[in-house]
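Below are two complexes that have subunit A in common, paired first with subunit B and then with subunit C.
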Partner chain A sequence: MGYQTTLAKINAIFSDLSKDYVIYAPKRFVGDGTFTNIDTIRYGEITDLSEIEFAEKSNYSFKEVLLPISETLFYFTENEMKEADAPKKGAIVFLRSCDLHGLKRMDTIYLENGAVDTYYKRLRDKTKFILMGCENSFENCFCVSMGTQKSDDYDAYIKVDGNAVLVDSHWDLLDAALAGATEASVMPDSVTANNTVVTVPETVPQTLFDAPFWEDYGNRCIACGRCNFVCPTCTCFTMQDIFYTDNGKAGERRRVWASCHVDGYTDMAGGHAFRNDKGQRMRFKVMHKVNDYKRRFGTHMCIGCGRCDDVCPEYISFANCINKLNTLVNDSVKEEN
Partner chain B sequence: MLDLNTKKIKKNAYRITKVRGETASRIRVPGGLLTAELLPLIQNIAETYGNGRIHLTTRQGFEIPGIKFTDMEAVNALLQPIIDKLDINQEIPGKGYTSAGTRNISACIGSNTCPFATYNTTNFAKKMEQEIFPNDLHFKVAFTGCANDCIKTRMQDFGIIGMTEPQYQKERCIGCQACVKACQKKSVDALSVENYRIVRNTEKCVGCGECVINCPTRAWTRSPETYYRLVLMGRTGKRNPRLAEDFLVWATEDAIIKIVKNTYDFVNHYIDREAPGGKEHIGYIIDRTGFEEYKKWAMEGVELDLRTIVKNPIYWGGIHYD
Partner chain C sequence: MTVINPYIPFLSEIVAVIKHTEIEFTFRMTYSGEVKPGQFFEVSLPKFGEAPISVSGIGDGTVDLTIRKVGKVTDEIFENYVGDTLFLRGPYGNGFDIANYKGKEIILVAGGTGLSPVKGIVDYFSAHPDDCKSFTLLVGFKSPNDVLFKKDFEEWEKNLNVIMTVDTPVDGYCGKCGLVTQYIPEIPIENSDQAVGIVVGPPMMMKCTITELFNVGFKEENIWISQERKMCCGIGKCGHCKIDDTYICLDGPVFNYTKGKFLKD
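Let's turn to the complex of A and B:
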């Protein structure tokens, strides 16, 4: 159901909803960037829609709401274990179309890939998603190439235009709250083209895995993992078992984000690491994003948000890597014929 | 026939050169940053009244040699738009620089451009210039963005080195240790790991911000306030060249400005009027009076932040040729 309402009205509704939901949206954290006087736009709690950064792409994705960067799973003593409590409130998350597609990738990994991940599920079940439109494509976005520029799989779409607010609600609670508001036909803003166009190769032959192509990345990548941490579809984590220092027999287990670019990712018991070459790490990530995941789940993992290209301190372009890979695949097919 | 008052000429930022009849004009650029539109004006002076050459000074000014003493008035007129544009305090408009003792306030490129800088060095330098220029006393002040000290503040009377106090949000930390490695390899090894979390040795930390720069998740961020290390009385020269020593660590902008201004009172009180040209360098005055006496004057009315560490006493080393 579509409505036209006012900012005051919608803020009042969210203030009401905040009794049962924590509201998360991309926010500007002034001066929190990598360098002096550079801001970070990342997810944080809001109480008023004016706190949302609509004009720019967030540097980090919404994934930290459903997959906290560091999440305590359970506490243990000698013989007992207690699961960490789930947050009492549910969550409302403002996000763009590409990220909403990213949510499906996370769902696939955590809910549909063998055993259900209860820690993810208990957060996911209580989360509502509100689409933010995109009037223009941002730098490095290639959602159109990945087919993620539109989504109607939202609980609501909200567009703030000065004091006027357009809403398209798929959520009964919101419909009830908006009863009496002017009805309107509301279509989410979405882009039809990006400056960055990416062509993903249909399949990548195994022979290219050791191609010299990857060596260039081995020389450039510094294994910082930023490209993974900003990515809405990177879902890897690792475990930390902590023994409280005053009482070495009690402690907690938590999981934290992991990155296939960062040292330690392939470390096994005994200390052996099987992928030390950074070029091979790049190969592994790229293949995971646009090849392996699709073979297993039918869609590409990457949703084309371009955040990895936005963030890489060494100016490594993932998008350009796929395009170069595509050329390489086409050339190698030609050679075979 | 030339009949000149060399003392007045020098105060006007002109040099008595080795070439009889010729002077050189020094243009100060506080903070070392100027807009490109000023370059043609400088070029014009050099080509019209100088010998067509421009020397880049160590303190980030321009020096135009080969000017006839008789052209100083004309050069002063051409300097005026440069002085105006760079917002230099001037006692008599149209007459060029009215002092040369307090040297151009220099600054490294700072946070306008450099990824390591913890503050806008140019802005602070300009602010300091407003506070202390013009003055005939020979003071050298320089600003540098971080502990790398690219401007070499350790060779100044007052060196100001930027610091940030890293803020740690443990719930954003994944234990990748990028910060630990950066601090160990590029800085002072102030970080360690305890139960997968990072512990900062606050006594060792120099506030360089490498941890902030290298953290991939924004677990480390900068403090909203910028802090400074104030180093004192470095110098070059014939008798006892030496590096500046720490005086304040984690100091604030206000405290630093006040201390520098207080030092003018100290020097005015203690300077040896009989010294050659009436000039005695601050560092040597402090050597005479003792650091305790200097500190009393310097700290007059200074309010320190709770974090500020005051080093007391200070001993300077360096090479003694005297």
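Let's turn to the complex of A and C:
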């Protein structure tokens, strides 16, 4: 149901909801960026919708809400273990269409691929997703190429325009709170084109895994893993045990974000590792995002947010890489014929 | 509905410890659920972490885990196993399906600790020699000091054709030397296009062994391999063991070669 209301009214509603939900949205952190006098936009708790940065793309995705950078799984003392408590409140997450598609990728890994992940599910079940529209495409976005520029899978769509607020609600709680507000026909803003256009090759023959093409990336990539950490669909982690310095018999097991670009990702006991070459790590990631995942689950993993291209300190463009790979695939097909 | 938390390990008692070498022990652990050779458990040591260890034997209410002391977790297990319990999660992975090999001529080639995940198969056919046409166990170790399962070899030699070789002999050693591949042509096989090959070991050993099996007429659909990777969660989440669209912890670690040959890290 669509509504037209005011910022004051919607803030009052969210203030009420905050008794049961923590509200997360992209916020501007002034001066917190990597370089001097540079802001960063990342997810944080909000109490007022005017805190939300609607005009720019967030540097980091929403994924840390459901998959914290470091998450305690359980506590141990001698032979006893205790599962870490679930957050008491649920979460409300403001996010854009591409990220909402990213959520489906996370769901697939954490709820469908193998056993259900307890920690993910317990918060996911209590989380509501509010779509933020995109009036214009941002730099490096290629959502249209990946088919993620639109999504109907939201609990609500909210557009703030000064003091006026447009809402399209799929959430009965919000409908009830908005009872009496002016009804309106609300269509989420979405882009129809991006400056960056990506053509994903249908299939990539394994013969191209060793193509000299990847060596360029081997020379440029510094294995910092930033592309993985900003990506809403990168969901890998590593287990980590810590014990308390005051009492060595007690401690906790955590999982922390892991990156397939960073050294140690494939290390096995005894020292053997796979993909020591950084170009091969790039190949592994690219193939996962636009080929392997699709073969297993039916959709591409990459959702075209372009954050990896925004963040790379070596100016490596994932979008360019896919396009170059597409050319390479087409050329190899021509050669065969 | 409460979801069972797959990350919380259970306590298992150490029933026996069998010392093979200075750094390789078999821990016989209590476990009464279903388990297949080639599956693995995450051995969990609070404060130190977890390590994926394959099942090297299946007993009545027990599983054997043969552990090599090579990392942070395994070092600690060796130091402190007197605690007589270990935490486990699992079993994970698909494991070997004995039914695939029954009634066949079988060559099982293992390198070093690669013998652990397939030992359950050897144990089975050693106990049921009539369930296959013939069974050759071909194992390579680095040196005579690295030989695992010495007692079991005595048992296996009664019913199976056992060839053991070492890369580097020591003084007083009078067994076979050299790589496993050189012994493959000597193994008597009636119909190599029907025979089954099972190959587990270091990547290069597996590659060369499979090439040699092809040379003597084996078909790729009759060859089975088991892959070792860093399996951190064991349940398809952490991503460390993924190769292409395959999660080794879920779809493997055992693969028919028709699939396994396409796995490229």
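Assume the second predicted complex is superposed on the first by the 337 of 337 C-alpha atoms of A that agree within 3 Å, B and C clash if a C-alpha of one lies under 4 Å from a C-alpha of the other, contacts with A are read in each partner's own complex, and residues count from 1 in each chain.
Methods note: a contact is a pair of C-beta atoms (placed from the backbone, for glycine too) under 8 Å apart; a residue touches a chain by one contact, two chains touch by 3 or more.
All figures in this text were calculated on a predicted structure; none of them were measured in a lab.
Trainee: Answer with first, second, both or neither: which of subunit B and subunit C does A:61 touch in the superposed model?
Mentor: neither
Trainee: So in the superposed three-chain picture, is A:148 touching just subunit B, just subunit C, both, or none of them (first/second/both/neither)?
Mentor: A:148 contacts neither subunit B nor subunit C.
Trainee: Which holds for A:97: it touches subunit B only (first), subunit C only (second), both, or neither?
Mentor: The answer is neither, since A:97 touches no partner chain.
Trainee: In the superposed arrangement, does A:258 touch subunit B (first), subunit C (second), both or neither?
Mentor: both
Trainee: Please tell me which partner, subunit B or subunit C, touches more residues of subunit A.
Mentor: Larger number of subunit A residues touched: C.
Trainee: Figure out whether A:240 sits in contact with subunit B (first) or subunit C (second), or with both, or with neither.
Mentor: Both partners.
Trainee: Let me test your reading of the model: by the given contact rule, A:121 touches which partner, first (subunit B), second (subunit C), both or neither?
Mentor: After superposition on chain A, A:121 lies in contact with subunit C alone.
Trainee: After lining up the shared chain so the two structures overlap, which partner does A:169 touch, if you call subunit B first and subunit C second: first, second, both or neither?
Mentor: neither
Trainee: With the two complexes superposed on chain A, say which partner A:69 touches: subunit B (first), subunit C (second), both, or neither.
Mentor: So A:69 only meets subunit B here.
Trainee: In the superposed arrangement, which partner chain does A:140 touch: subunit B (first), subunit C (second), both, or neither?
Mentor: So A:140 meets neither subunit B nor subunit C here.
Trainee: Can you list the residues of subunit A that meet both subunit B and subunit C?
Mentor: 238, 240, 242-243, 258
Trainee: Quick check: in the complex, which residue numbers of subunit A touch subunit B?
Mentor: Residues of subunit A touching subunit B: 29, 31-37, 40, 42, 60, 68-70, 224-226, 229, 238, 240, 242-243, 245, 256-259, 262, 264.
Trainee: In the complex, go through subunit C and note every residue touching subunit A.
Mentor: Touch list, subunit C to subunit A: 3-9, 11, 45-51, 68, 70-74, 85, 228-230, 232-233, 235-240, 242, 244-245, 247, 249-250, 262, 264-265.
Trainee: Which of the residues in subunit A come into contact with subunit C in the complex?
Mentor: Answer in residue numbers: 73-74, 76, 79, 81, 83, 109-110, 113-119, 121-122, 206, 209, 235-243, 248, 251, 253, 255, 258, 260, 265-271, 274-275, 280, 284, 287-288, 291-293, 295-296.
Trainee: Under the touch definition given earlier, write down the residues of subunit B that touch subunit A in their complex.
Mentor: Touching subunit A from subunit B are residues 111, 115, 117-120, 164, 170-176, 178, 194-196, 209, 212-214, 216-219, 221-222, 224.
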